[in-house]
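Going by the order they are written in, the chains are A, B and C; count residues from 1 in each one.
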Amino acid sequence: MSSPLLEVRDLIVHFYTREGVVKALDGVMLRVGRGEIVSLVGETGSGKTVTALSIMRLLDHNARIVRGEVLFEGRNLLQLSEEEMRRIRGREISMIFQEPKSALNPVLTVGFQLREALEAHGEEGEAALEKVLSMLRRVGLPDPERLVNRYPHELSGGMAQRVMIAMALLMRPKLLIADEPTSALDVTVQAQILELIQSLVREMNTSVLFITHDLGVAAEISDRIAVMYAGVVVEQGNVYDVFEEPLHPYTRGLLAAIPRPGRELMAIEGEVPSLLNPPSGCRFHPRCPAVMEVCKRVKPRLVEVEPGRLVACHLYGGE
Amino acid sequence: MGDRMEGARRTSIRGSLLMARLVLSSPTGFAGAVIVAGLLILSLIGPVLAPYDPYKQDMSERLMPPSWEHPFGTDQLGRDILSRVLYGCRISLSIALLVVAISATIGLLLGLVSGYFGGLVDEALMRVTDLFFAFPRLILAMAVAAALGPSIINTMLAIATVSWPVYARLVRACVLQVRNETYIEAARAIGAGHVRILFRHVLPMVVHVVLVQATLDLGSVILLAAGLSFIGLGAPPPTPEWGLMVSEGRLYIRSQWWVSTFPGLAIMISALGFNMLGDALRDAFDVRLGR
Amino acid sequence: MDLRAYVLRRLALTTLVLFGVLVVTFLLSHVIPADPIGAILGPQAPPELVEKLRREWGLDKPLHEQFIDYVCRAVRGDLGRSIRTNRPVLQDLLEFFPATLELATASLMLGVLVGVPLGTISALRRGSWIDHAARVFVTLGVSTPVFWLGLIMLMIFYYRLGWLPGPGRLDPYMTPPPRVTGLILLDSLLAGRLDAFYSALRHLAMPAAVLGWYAAAGIARITRSSVLEVMRREHVRTARAKGLLERIVVLRHILRNALMPIVTVIGTTYGGLLEGAVLTETIFAWPGLGRYSTGAFLYLDFMAVMGTTLFIAVIYSLVNLAVDLIYAYLDPRVRYG
């Protein structure tokens, strides 16, 4: 297998708050190959967004990347200077966010903000404007010549998200990070946006790290899936394999919890842990139906049980 | 939702103690609290502490620089400045407290009614406050004071007149936010009358805004009153009012700097104390309300 | 609503407010004083003069008729006659206003030039020593009585150190440039009198610094809180994610959006500067509205006082109208909402 485009190794991120230190990420391991769509799935607070922001190095001031590596095409992004990182953002790695209308600057026209994405990396003038217009057409927005003079508040949610996608893909980045891009949209629009993303990234051979809490969306769009719980990636693999045969107890619980008509609702026992005072050993152990003694003491490492299939669980030898 | 009501009620004793701790934990809050406490104490016992009679003139002692006998020096009529500053503390603080109490109360009531009932009453209040805001505060106070004549009472009336609109607007904005909360609907659903809702449910959520504004306002009023006296529209001579004292010392600023400096310093420190305390109070409320 | 509707609405509102201002000044000058004529003419006035003025003012007429007379006169520019200068009040006001305008504008410029960068840096470097220093500056600035500060600065910088010139707008021996606008800085440039320009600038320095300090404090405060608020918004993160230079993120995506509340505060600050002018012009022998009205109080020149109040309220309302229009220009949601 060729080397992955993005490899996150053992990423530990802490937030320093008034209440104490929030251990948001506890050794995240992630791999995204070239031209692959990988979903990062988990509940709210599991650390998906923090992971994404850490890759982009866009965390808040009170966050510290304590340890770990983020290898992009072999380079450790965490060791780059701010200027080198700036050149990567928007050009090699792009990101789109959940609320498209608040993600755009309300006092600048849509066209201006799109051209900005190009100007930041040295492309300006007529050629840039042409690129913007053609990209707007490509994302399915009618009448781009008039659209560029509109302001964000004049757009609908779906249109705004298309603009965001256009903006992110203008420089043809190698990796697109999409943080819940459809969660704030109506269901019908969701489907359209998903389709759009899929067709665009196939066309440009862009890899995608697709963050979502919706297993259905993950199943539909991705090649591989990574499941996160309380700041750790607990399982990773081909999406069909993971759904067919989930290995980690949490993944099993998640899939079983999907409501199905004619069946009882099945919930996972317990509550999401506080990241101020996370459980010792495996962070899932208080809720795990298959918990063993070792789980309370030792944190399981992510182990490759088959080629491309990783689990972090003592059931599969996590020492 | 019911937690909010409980929370509002719990902000009685335990809440107040927690607030006090929050305020005092910040350096500005602590400094402000110390200054304000000092001012309150001085306004009570200042006249007792004063070594001389603030009105007693002694031409043989006029314009003496600060010394052991007269730590702040004497003014152009031989009066001891320290004593006058101490007496002035009581005057300034009384004016400030009375004015703020009156204007805050008026503003609070009008804002509550206007925000809660809406409609014509609300429109009317908005227009009236717009009118007051069309004048800079001092200018309007000046005009009112000029119309009424220079005296302490008239100064207070003038300043109160220009101060209440701020409270009314602030309270109204807060009430508008609170009015649409579900627990208000819940209270109506169980048959609570308007007055009861206003005072039991709306008022507690609005009080913190008024408290912060009132504290900050105390500082503004002291500055405003001193300003009015400085231009001759406030307390008449020989009242030992700080602003008036600065004005009287104006002609001697060249060599006998102490006549104007010490009263002015007193004004500044007082305003400083209330401003710092008000800021710390606002921060503490933000924390408590989870912002 | 679109821009035109917005402008029209604001104009209508301002006109209403101005009308209300007339009501207020009418009440203050005709209704509240126990004896308006006595207030105007003073206790020594001969009874014939009192009668004459009473008839002229129509004080025996019903109140609403008096009010209509008052409004008609005010709109025509007749604000009465000053007993001190023995000229129409309006003429006095127009003569003295430019000095105050010059002072207020210079102070505002200082306030903005110091306050906005200070507030911005304070927000961007939250918690640093600059932030703490700025917050101390702000708290001091809003707590200092301007009239006292003016005196102290005069004492230190003129009497003791001699660095800056004393009271007045120009050096006493210098002949002023021919009056075109009344703004000496402008007039001296127009007349090519660089010596007058320089002298006027040096004289403007201290009063503008005193009022500017106060203005800068208020502006720095609102800038800081506005920038802090905007910094947290999503679009700032998007801007950085695009790979924009930090400088552009700050200027175009943070400051540009933070401007709106700042502009509004500039309007109210102008009102504060007019107040400050009233308090400090006497100290600096600055021949503006402030000194005029202060003199009017001491002289019990009632018409002048009321005229000044009305005049200042009108100016203030126009400033706020301008602020509203600038706001509309800055925020496209208002324009194309």
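Convention: contacts are C-beta pairs under 8 Å (C-beta built on N, C-alpha and C of every residue); 3 or more make two chains touch, one makes a residue touch a chain.
From a predicted model like this one, the values you see are computed outputs, not experimental measurements.
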item	value
Farthest-lying chain, centroid of Cα atoms versus that of chain B	A
Two chains sharing the most C-beta contacts	B-C
Chain centre separation in whole Å, for chain B relative to chain A (CA means)	53
Geometric centre distance via CA averages, chain C-chain B, whole Å	23
Where chain A touches two or more other chains, by residue	none
Overlap residues in chain B, where contacts from two or more other chains coincide	none
Chain B residues touching chain C - in the complex, by the definition given at the top	28, 127, 130-131, 134-140, 142-144, 146-148, 219, 223, 226-227, 230-233, 243, 246-247, 250, 253-254, 257, 260-261, 264, 267-268, 271-272, 275-276, 279
Residues of chain A that touch chain C when the two form their complex	56, 58, 61, 82, 86-91, 94-95, 97, 99, 102-108, 116-117, 120-121, 151, 153-154, 164, 167
Complex contact set, residues of chain C against chain A	126, 233-235, 237-246, 248, 252-253, 256-257, 330-333, 336-337
Residue ranges of chain C in contact with chain B within the complex	13, 16-18, 20-21, 23-25, 28-29, 32-33, 39, 135, 139-140, 142-148, 151-152, 154-155, 159, 271-272, 274-275, 278-279, 282-283, 293-294, 297-298, 302, 305-306, 309, 312-313, 316-317, 320
